[in-house]
Structure formats: C-alpha cells, structure tokens
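Down below is the structure, laid out as structure tokens.
Chain nomenclature is as follows: A, B, C and D, assigned in order of appearance, with residue numbering initiated at 1 for each chain independently.
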Amino acid sequence: MNHPVHVGLIGSGFITAIHAEALKRCSDAEITAVASPTKGNAADFAKKHNIGHHFTDYRKLLEMDEIDLVVIGIPNDVHCQVVLDAAAAGKHIVLEKPMCLNLAEADRMLDACRKAEVKFMYAEELCFTPKYVRMKQLLDSGALGAPVLIKQSEKHDGPHAPHFWDVNRAGGGVTMDMGCHAVEFFRWMLGRPPLKSVYAQMGTHVHSAKTQGEDNAILILEFANGVTAVAEESWTKLGGMDDRAEVHGSKGVAYADLLHGNAIETYSAAGYDYAVEKAGSTVGWSFTIYEEIWNYGFVDEMAHFVDCVKHDKQPIVTGDDARVVMEALFAAYHSAGTGQKVMLPFNTTAAKPIDLWKKAQ
Amino acid sequence: MNHPVHVGLIGSGFITAIHAEALKRCSDAEITAVASPTKGNAADFAKKHNIGHHFTDYRKLLEMDEIDLVVIGIPNDVHCQVVLDAAAAGKHIVLEKPMCLNLAEADRMLDACRKAEVKFMYAEELCFTPKYVRMKQLLDSGALGAPVLIKQSEKHDGPHAPHFWDVNRAGGGVTMDMGCHAVEFFRWMLGRPPLKSVYAQMGTHVHSAKTQGEDNAILILEFANGVTAVAEESWTKLGGMDDRAEVHGSKGVAYADLLHGNAIETYSAAGYDYAVEKAGSTVGWSFTIYEEIWNYGFVDEMAHFVDCVKHDKQPIVTGDDARVVMEALFAAYHSAGTGQKVMLPFNTTAAKPIDLWKKAQ
Amino acid sequence: MNHPVHVGLIGSGFITAIHAEALKRCSDAEITAVASPTKGNAADFAKKHNIGHHFTDYRKLLEMDEIDLVVIGIPNDVHCQVVLDAAAAGKHIVLEKPMCLNLAEADRMLDACRKAEVKFMYAEELCFTPKYVRMKQLLDSGALGAPVLIKQSEKHDGPHAPHFWDVNRAGGGVTMDMGCHAVEFFRWMLGRPPLKSVYAQMGTHVHSAKTQGEDNAILILEFANGVTAVAEESWTKLGGMDDRAEVHGSKGVAYADLLHGNAIETYSAAGYDYAVEKAGSTVGWSFTIYEEIWNYGFVDEMAHFVDCVKHDKQPIVTGDDARVVMEALFAAYHSAGTGQKVMLPFNTTAAKPIDLWKKAQ
Amino acid sequence: MNHPVHVGLIGSGFITAIHAEALKRCSDAEITAVASPTKGNAADFAKKHNIGHHFTDYRKLLEMDEIDLVVIGIPNDVHCQVVLDAAAAGKHIVLEKPMCLNLAEADRMLDACRKAEVKFMYAEELCFTPKYVRMKQLLDSGALGAPVLIKQSEKHDGPHAPHFWDVNRAGGGVTMDMGCHAVEFFRWMLGRPPLKSVYAQMGTHVHSAKTQGEDNAILILEFANGVTAVAEESWTKLGGMDDRAEVHGSKGVAYADLLHGNAIETYSAAGYDYAVEKAGSTVGWSFTIYEEIWNYGFVDEMAHFVDCVKHDKQPIVTGDDARVVMEALFAAYHSAGTGQKVMLPFNTTAAKPIDLWKKAQ
C-alpha cells in the first residue's frame, strides 16, 4: 500500500475519541470518515477532529471504497453485526474490547473475517502499554526467572455511558468491561500458554440500584505452565483510575503502576481542570497524569495496527485471542455462579456471560 | 497484681528473640526464665538477654511459682501439649501463631484454659501493627464508607528453621505460616463478622525439592456482611519481606505498605549490615527499615498482653479467635484440593490442614 | 536516683502537649506539675493530662523540691529568664528549640547551668527520630562512603501561635523556627565537625501581611570536613507537614521521608478527623500518618533525657549544641541580608537574628 | 516546504544517537547525512542508523544542498565554529546544550544566525519532557497559585566521554553539563522573567583525580518576579540517573520525578541488560525505566524543531535563551569563587566559566 491507511471510525464516544487522537499521531494513517447512529454525533465528531465524511449509518461508511480499515468502538451487543458487515465490505477491522456477547457470535465473526481475508485485530491496549511492554521484556530476558504469579488490576468508580450498566447490552459488569484486559494481558505477558482453569468471585456491592452487573470481581486463573494469575477489577474505587501489574518469578519480581506510579504529586487549594480519568475533584492532593493516551499504549497500538494494514503484517493480538478471552470470561461467570473452579476449554451456548452467574445463584 | 508481670519464655528461636526484645520495652514486665529443649540454647539465650533462669525442660519453667505468664514460640506440632501443661500449671498464656495442628487440639486447648481460668492470648501482631491500627481507625470512623474489599499479603523467600518446611510439624506451608495472619487481620479489621466461605489456590512452585507444603497461596474469603477478602502469601518472593494491606470501601480506599512504604531508600556500593528481614544482599538499591519490631506491632502487642495480665483485662485477640483462624485454614486447604469454595462453619477431623489439599488432589 | 524522675512542665501549648504525651510513655518519668501564665491554661492542661499540680507562675513550680527536671516549651523571648531561674533552683533542664534570642543570652544560660551543675539538654528531636537514627547508622557504618552532600527540609503552611509571627518574640521567621532543626541535624548526622560557612536566601512570599519574618528560606552550609549541607524551610507549603532528609556519599545515597514516605495513602469522599500535622482537609486523597509523636522522635527523646537525669548520663544534645545552632542562624540572617557567604565563627551583638537581615537590606 | 525536512547530524556520540532515534520517530524528518571527525565513526553510525551519507569533515555535510537542518551534538569547545559555518551554509541549526564556552562566542553565533536568517534552536529537552510540560500547564492554569520556589536537579555518577572531564573543552564541570538544564527549565517554567541574581556552591568531592571541574553544585537563583529557584547537580550520585523538579506556589505544590517516579520497581537475582542511564548493576533492586528517550522529551523536542523548519514557525527555545543560560552560568562560577550573590546582568570577558571560580579561589 503506497498511500496512508484510510481509516473509518465506527462510534463517536469516549473510546473513539481516544482512537482518533491516537490515529492522528500515526504518520501512516488518515481518518477518512466517522459513523455514529445518534443524529448529530458523527457530524460533531467529524468537525472536532477535522474528518472529511460522517454518517449516521455505518453501512454508508463501509460503502466508501477508499477506506482500508475500520476501527470499531461501540456497545458490545452490536459488535458482531458490524464486524460481519465490515468483513463483507472487505475492510480490515480493529475491534475494541470485549469481543462480543457470546461464543456463537465470536465464531461467526472469526469465520467471516477469515473468509473475507481481512485482518481482524483486537484492540487490547495493554499489549502496547509502554511500561508493560518493558515489563514483558524483563520477564522474557530471564531477569525474573520462571514466572510463578502474575497480577493485573484495573479500578475506577464506574463507566459513564449507560450501555455499560445494562447487562443486556454489555453482557456482564466489570469483568466484561475490564477483566477482559487482564485475561489478555496475562496471556500476552506469558507467551500465550493454554489456560487451564478460572475461578471468580463477583459481587454488586455499591451500584445495585443501577445495574445487575457485578461492580467488583476477583479472578484466579491457572495456566498450563503452572503460573497462577490474579485479576482484580472494580467499578467502585474512588479517586481516579488505577491500573497496576506485578510479575513474580523464581528469580525476581517486578511491580508496575501506571497511574500513581507515574503521576506528578500535586496539592492544589484552587483545583484544576483534570488530573486523570475519573479522578473526581482536583482540590487537595491529586495524582496528575500526563500524556495519558500514550502512557496507556493507545498510540503504539494504533501505530501497530496501521502498520499491519499498510505492510500486510501479522498483528500481535487478533480476533483469535479475543475469542480465548471470551471463553475465559464465560468460565469466570460460571465459576462465580457455582463457587467452583472451571476447567478449560469451556463451551457454552449461553447468550451472554452474566447469565451463567445469575442462573446458578 | 502489684509487681511487674513475670514472664517465662518457652522457645529460643527467631520469634522468641523478638518476644524478648518487645518485652524488654514493657515497663510492667520482667523476663524471669527461658526454656528450650536443645542443649545450650536456653543458656545462651538467657545470657544474651540477661534472664535469670533457663531450662531445657519447659515443665521446670512451669513449676516456677513466680511466673505469671508464659509466651510460647515453638513449632506448631508442640503447641497443644505445652498449652495444656501451662494451663494446668495456672499460667496465663501468649501463644504464637498459628494455633496448633487441628481442630481437636484447638478444642482441648480452649477447654483447658477455660477450666484453669487462665487467659489464652493469641499473638497475632497485625492487630497491633501501628500502621494497621490507624487503618482500622480510618475504617471505623466512616472515612472509607462501608467496606467492600479487604486485602492483606505477606511475602518473603521462605523461613529459616527446618520445622516450617516439614508439613508433619507445621501442618502446611505458607498458608499455615502466613495466611493465618491475613485471616485474623481481616476479622479484626472488620469487627469480626462471621466467615461465610473460603476459596484457595495453592501451589509449590519453587521449593518442591524442600517441602511438600505450598510456597504460594491466594485465598478469597467472604464474610457474612458481604465483604470480600483476598490474602496473598508467598515463600518465594525475593528482595526482602513484603507486608501490605488495602481497605476498599464505598466512600474511599486506604493503602498501607509496612516495608517499602516506610523504608529509607538506600543505594550502597559498599553494602551494609542489614536492610530488612530476609533482604538478601544490601549492595545496590535496598529499602532500609528501622525499628522493625515496633513497626510490626510486637512492642504494642506484648504491652497489651502484659497489661491484660497485670490488670486482669480482656485481651483483644484470644484463643477463640485463633480457633476461627484454624477453621478457615482447614477450609482453605480443602478448597485448594477440591477447586471449590468451602462454606463455613467447616468441621473436619483431619489431623492437619495440608492433608485436605493432598488427599483431594 | 531510685524514684521516677519528677518532671515539671513549663508551658501548656502545642509542644508541651507533645512533651506530656511523650513523657507518659517513659516508665521512669512522672509529670508532677505544669505552669502556664494565662489564667486557666495550666489548670485545664493538668486536668486533661492528670497532673497533680498547676501554677500560673512558673517560679512556684521551681519552688517544688520534688521536681528533678523541667521541660520548657514557651516563646523564644522568655527562654533565657526561665532557664536562669530553673538553674538557680537546681533543676535539670530540657529546653525546646531554638535556644533563645541572641548570643549574649545563650552565654548567660550556659554559664548559669554550668555553675548550678544542672544538665542543660536541648530538645532537638531530629536526633531521636527513628528513621533518621537509622540513616545515621547507615552513614556511620560506611554504607554510603564519605559524605558529600546532606539535605534536610521541613515545610508546612505556618505556625498557629501568634508569637511565632512576631519577630520581636521569635527572633526571626521560619529559619528560627525550623531551620534550627536542620542545622543541628546536619551537625549530629556528620559527627559534629566545625561549621565553616553559611549562606542563606530568605523571603517573605505569602505571609507579608502577617509577619516581618521570612516564610521561606534556603540555607547552604559548609563543614570543615568539606561536606555541603542544604536546608530548606517553608511556612507556605500547603497539604500538611513535610520532613525529609538525604545523605549523599562517595559510595551511596540514602533518602528518608518522614511523612509521605511513611503514610497510609487514603482516599476519602467523607473526610475524617486528622491526617497529619497541618494537613488541612481530609476529603479526597490524603497521606494519613500514625503514631506521629513516636515517628518524629519525641518519645525516644524524652526517654533519653529522663534516663540522663535518672542515671546521671551525658545527653547526646546539649545547650552547647544549641549555642552553635544560634551562631549559625545569626550567620544565616546576616548572609541573607548581605548576599554573601558568612564564615564561622561569627560573633555578633545583634539583639535577635532577623535584625541582621533587615538592617542589611 | 513540501518535502520531509532533511537533517544532517554533526557528531556521532551518545547524544547524537539519541537525536537520531528521536528524529526517526518524526514523520516529517529524514536523516540525510552524518559527520564525525574520528575515522570510521560516521560510517559506523550511518550504517547502524541507515543513513545515506557520512563524512569525517562536517563541512562536506554543510555543502550538501538538500540538507535543511543540522543537529549538532559535539564537545562544547567546537560549538561556535560549527554554528558559524552552518549559518554561513544557510542551514537551520539545532544546537545541543550548553551553548558554547563564553559570551563572545555566544554573540558571534547569534549574530551569524541572524544575518544568515537561519533558525537557531537550542536543544533544551526539559522544555519538552512530557511530565514537566504537564507541570507547567498546572502552574499556568493557576492550580498552584503564584510561584514561590522552583527546584530542579539532575544527578548521575559522571559522564562517559573524556571531553566532559577536560575543563578546557567543557568550560566547567557539572554546572556547565547539567546546571544549564536547570537554568533554562526555570526560565521556561516561569514564563522567562528576567534573572536577578545567582549564588552557587561548588566542589570537587569525588573526582578530583580526574578533573578540575566541580562534581557537585548547588545554585540559588532569584528572578525579577520574586521567585527563588534551586538547582542541584551532581556527577557523584550512584545508582542511576536522577531528574526531579518541584514547583511550590501560594496555593499548592507539585512534585515530578522522572526516574524513580516512573520506573518499574524490579528485583532480579539474575540481573538484566539495562535499567536506566548510568544505573550500574541490575542485580538486586533496580528502577527499570522504559521509553527513556520519549520520557525525557527528546522525541517531542525533535518533532517541534522539525515542525519549525518545515512550517517556518518560531521555536519555543532559541539561541537567545541559550545566551541567557550562559550568562547565568558565568555568574554561578563567579559566585562560587567569591562566595557572593552575583547580580544580573553579568558581563565578563572570561574565556570559559570555570575560570571565574578558579581565579577567585
């Protein structure tokens, strides 16, 4: 491909704004169009980000021949259809996490992309987070010996958009929303060994008036190579985003904290505009983050995906990985419902992950 | 009691040295005697700590009328008999953790102390750790709202004394040794609500040539008030002791780190004597701790127990608490063996906790 | 002395409350009386701290034969007379920092104590701060090689009591109040080599409506052994007390932070009683300190001074040290006024330190 | 300019390798040639970085018509001549810090660039360090109120290349090498108010066998707006690079630490390739940094300079700023020699900064 990769954005919410910012920093990418169903949203987004075309119907965007790649940032329940349509239109695909609502959808999506010979890239940004990339190099170099225990957690006080709180649209609560990060993080960090088992503890502790989904979850995973992994997720943690990881090995240990571990330590009697995602007040002590999009890995992520399209390379994280994550999430909800460790592979015809928790309770 | 409390130490190892140091700082205590079976140990200990009497047979110590209180720091498998004998001799008792090998022993010990009308005090120092005491005040004051999730972990690279590695003497691995801290910490911090369930993941990752006991464990507990608790224990973590806790509530969160969170950050090209328990080398960067015994809570712990004896007060942590911890540990090993969440109360006639894990595997 | 040391407290403000708390933890001390001129203060203090005698005239306290030791915590301008009177009454003396208003007073005080053969102990608690004591051991052990640079700073947003803001009573601003800590800290840490020179930069940046004293100061000191020392003091730093030190040597470096480096990291939407000295609001993020008096060194300090009196030992920090600090403070103010490094020894007949700054400007 | 900016690199050492890495990430830049006098160096560098042309004589590089911009990373004593030649050749110029050896050189360089109408850009990367950029936004937004005190320090255990240690080539020691960063950092952060005075304390504490230059320095600067600034520089600090800044204002305070404040906390019994610039051993605890060049600001710096050339914009840091820094450095060395605060403007015909220190001593 000897022109910049032409990108169509599907969605216009929080994550699509991040995708747009990240893509603007990719010299090989050009954002050609944006589509969003709510009247006015795409137009506003296009204006703000200086994008030439905007649509309320994403199928119009897919009809644009010049578009090479679509980047999809929409509610989970519409992932499947959009991916099927994008594949049918011959577009390469970047799909925001998590993959979809169930394994049948996952299989249809994978099948469609395979047949259409389009790249199906899975936007797990933790595989591109600069600090975590360095952590993986430490582990791969032998600095820590053989891995024994790996941890990752992500916590804030809950998402803004209503579809996250509606389990029919989201498929579950914080485990679907943020646990999916941890599962792929573990797989990537460890070199993608098979998953052996999943155990999960879930609860709706604070937001029960607002959602049927769990607002706190602890997952314990076992990998075939004997490594234990612990994921901790919360939608009830005040004081701003928290994102941390640890790798414990037979010869060492490494701790990485993306937020408090990188921030400017600030005290302001006056307050100021913004400290970090979901920080709440900035009066008093706060932990001011900088270049947030870069530090989370979104810039390197989009650069990688654009590079894969432009030079026909193999992405480091794909729809197949996304499918494994979905399987683990179903196992987690089943475990939370039954109080038992669930062995993998785990097959289920459940329509969405949370059904396995609720049904069993 | 209008004289100092006269204390007899039973044991002469690592923990008894700490008990002695802590007791020396109690103005109301006087160490009268020490007993230890290995020839020479008690004599050396008595000399080093300037103690008037020493015995190889602890029963001789129990025969000393002037002794009011015995502080027991010996291998787990001999806890029961010594407590029974001490109670029979009418001595008040401080017993180092964990309580004993099984629930039958626990019941015999509790029964004997009740009948003898001696105080049975359980040496869980985390209930006295100054930083954790402040954390409990934060929670109790409402600063954090209603508790949602509580965490505590303790990690180092393994104990020195051989009896810890022998499951017949210790009853298990790191869960028995350090998980017992976490369980009582959770109960104390939360005001001792009933335990509802325990799940555990255990593995022997690094020290399998040395022990049948687990060297890493993750425990998830549920309390009757809906709080989830996560304990993380390791005997394979290099670089010195790690002891941390977190309390997550509906209105806030608090993080306490006893070691890196208190240390002097030191770089030494020359190295030096000692940074912290189990630190290994002090060349290069290290985290130098100070007043370790005080910071862990041992000083305040012994002061409390001595005060209870002197003024006939009710201890804040007793043999009854120790028995609840034992029950939870049995549940944890059973869970690790079965892959299932174990509901409490949990009764078992197993001779020692680890049998439930090994048997089920 | 075969009875507890009987202590008389002179003063009833912030620091005397700390002295009382610290003394209560000394098994060898007993607080016998308190004196404070404002009607009702001594009575209230005595009631609160359960002290048998109280006076509005400290001379009545000095008349009590049973008092062995007076601990003086009063405004700087009345230090001299009270010390002279206490010496005349044959009492041992603990004097809170800084020593007095000028060198003539200092010499009279030293002379009086020498003649009366009473101990003149200088309450520089940084010489007893447990974390700094460990830091000194690191340096003394050779872990850091030969010292090159030493730093200490103390910052908050200004004192409460009005006499601190009145330069006629205090003698100066933040340099008198907190710079005196740094000077003696440097001397103690380095083994008390002679001071060679002092340079100071002072300014009244925020509180000029309230005081003629400087509210920020930077001091650079040179010692005869070639070590450079930097003191940083502020009365304008919001967000709670800050107290830190660094020792840089030819073979290493050590950093100690007493507050943020020890605190529980807390987020509270509700707020709570108290985080740390001068913290302001506790809503949002705060750094919760615990056992503050112990961590600053007041407990070990009072224990040492009581021990010196009881067992007739030589105190590790005396009136002679306090006099050297005064000389350095005069040099600092002179330097701030002249923009020149001031060489020591420095003699001056100035009535108070700040005169040398103001006169020269 | 409707082609990428064609860049010629002059130099092939440590800093030029960083410039090359940073320029590779600029989509608008293309490295056309490299020049370095030592036989083989430019050829090796060109091969490693895939650069089309290489020369031992930089004048050949300047003869290449297609080169738009030269980036100069060579010893201080040859800065002047190369800038004069580059200006004469009509090339835009990026010059690595510090500017040159003396004020006469500075004026010749500025004059030449002005006459040749080429951009003279000064490579002070701290003005582009992402964390410090965020800190400046905090200050500019009023979050901290009016600035009172500003601090910046940079410390490691000494440079590798021999010319840094030779004061005839470098013009001074650590103040020339790293103090220049602090001075421009202060000016930039504060909005470039005039400098009022400079005081400096310098010493050669550890490396006196190797250099006449100072290996430790403390600078106190006063700005016309009343702000005090403190710079701390060291060539003797072991354990890896240290780079920190603080801004204290009337309504708040902000602390930024680029290294320990961003690092992965790592313990490795095995050791590994690289933790951070000048880290020494990686066995034991280390602070692993990631994306070092980006975090220091080199990527954004080069992108800005390339953008200035491509779109004919005004650089945010220029040769005029570099000249102010030189003046402050001369004042600092003069102060270190005389023990006096030096008022600005400060004119001197000294051949190099260190002469003012040595002469006065």
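To be clear about the criterion, a contact is a pair of C-beta atoms (placed from the backbone, for glycine too) under 8 Å apart; a residue touches a chain by one contact, two chains touch by 3 or more.
Please read all numbers here as calculations on a predicted model, not as lab measurements.
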Pair joined by more contacting C-beta pairs (C-D or A-D): A-D
Equivalent of A-C within the choices A-B, B-C or B-D, defined by over half of its residue contact pairs recurring: B-D
Where chain B and chain D are represented by their mean Cα positions, the distance between them in whole Å: 54
Geometric centre distance via CA averages, chain D-chain A, whole Å: 39
Touching two or more other chains - residue numbers and ranges from chain B: 238-239, 251-253, 265, 267, 269
Partner chain A, residues of chain D touching it in the complex: 27-28, 130-131, 133-135, 138, 141-145, 251-256, 261-273, 282, 288-291, 294
Of chain B, residues touching chain D in the complex: 238-239, 260, 265, 267, 269, 280-281, 283-287
Sites on chain A touched by chain B in the complex: 148-149, 197, 199, 201, 203, 205-206, 216, 218, 220, 222, 226, 228, 230, 232, 234, 236-239, 248, 250-253, 339-341
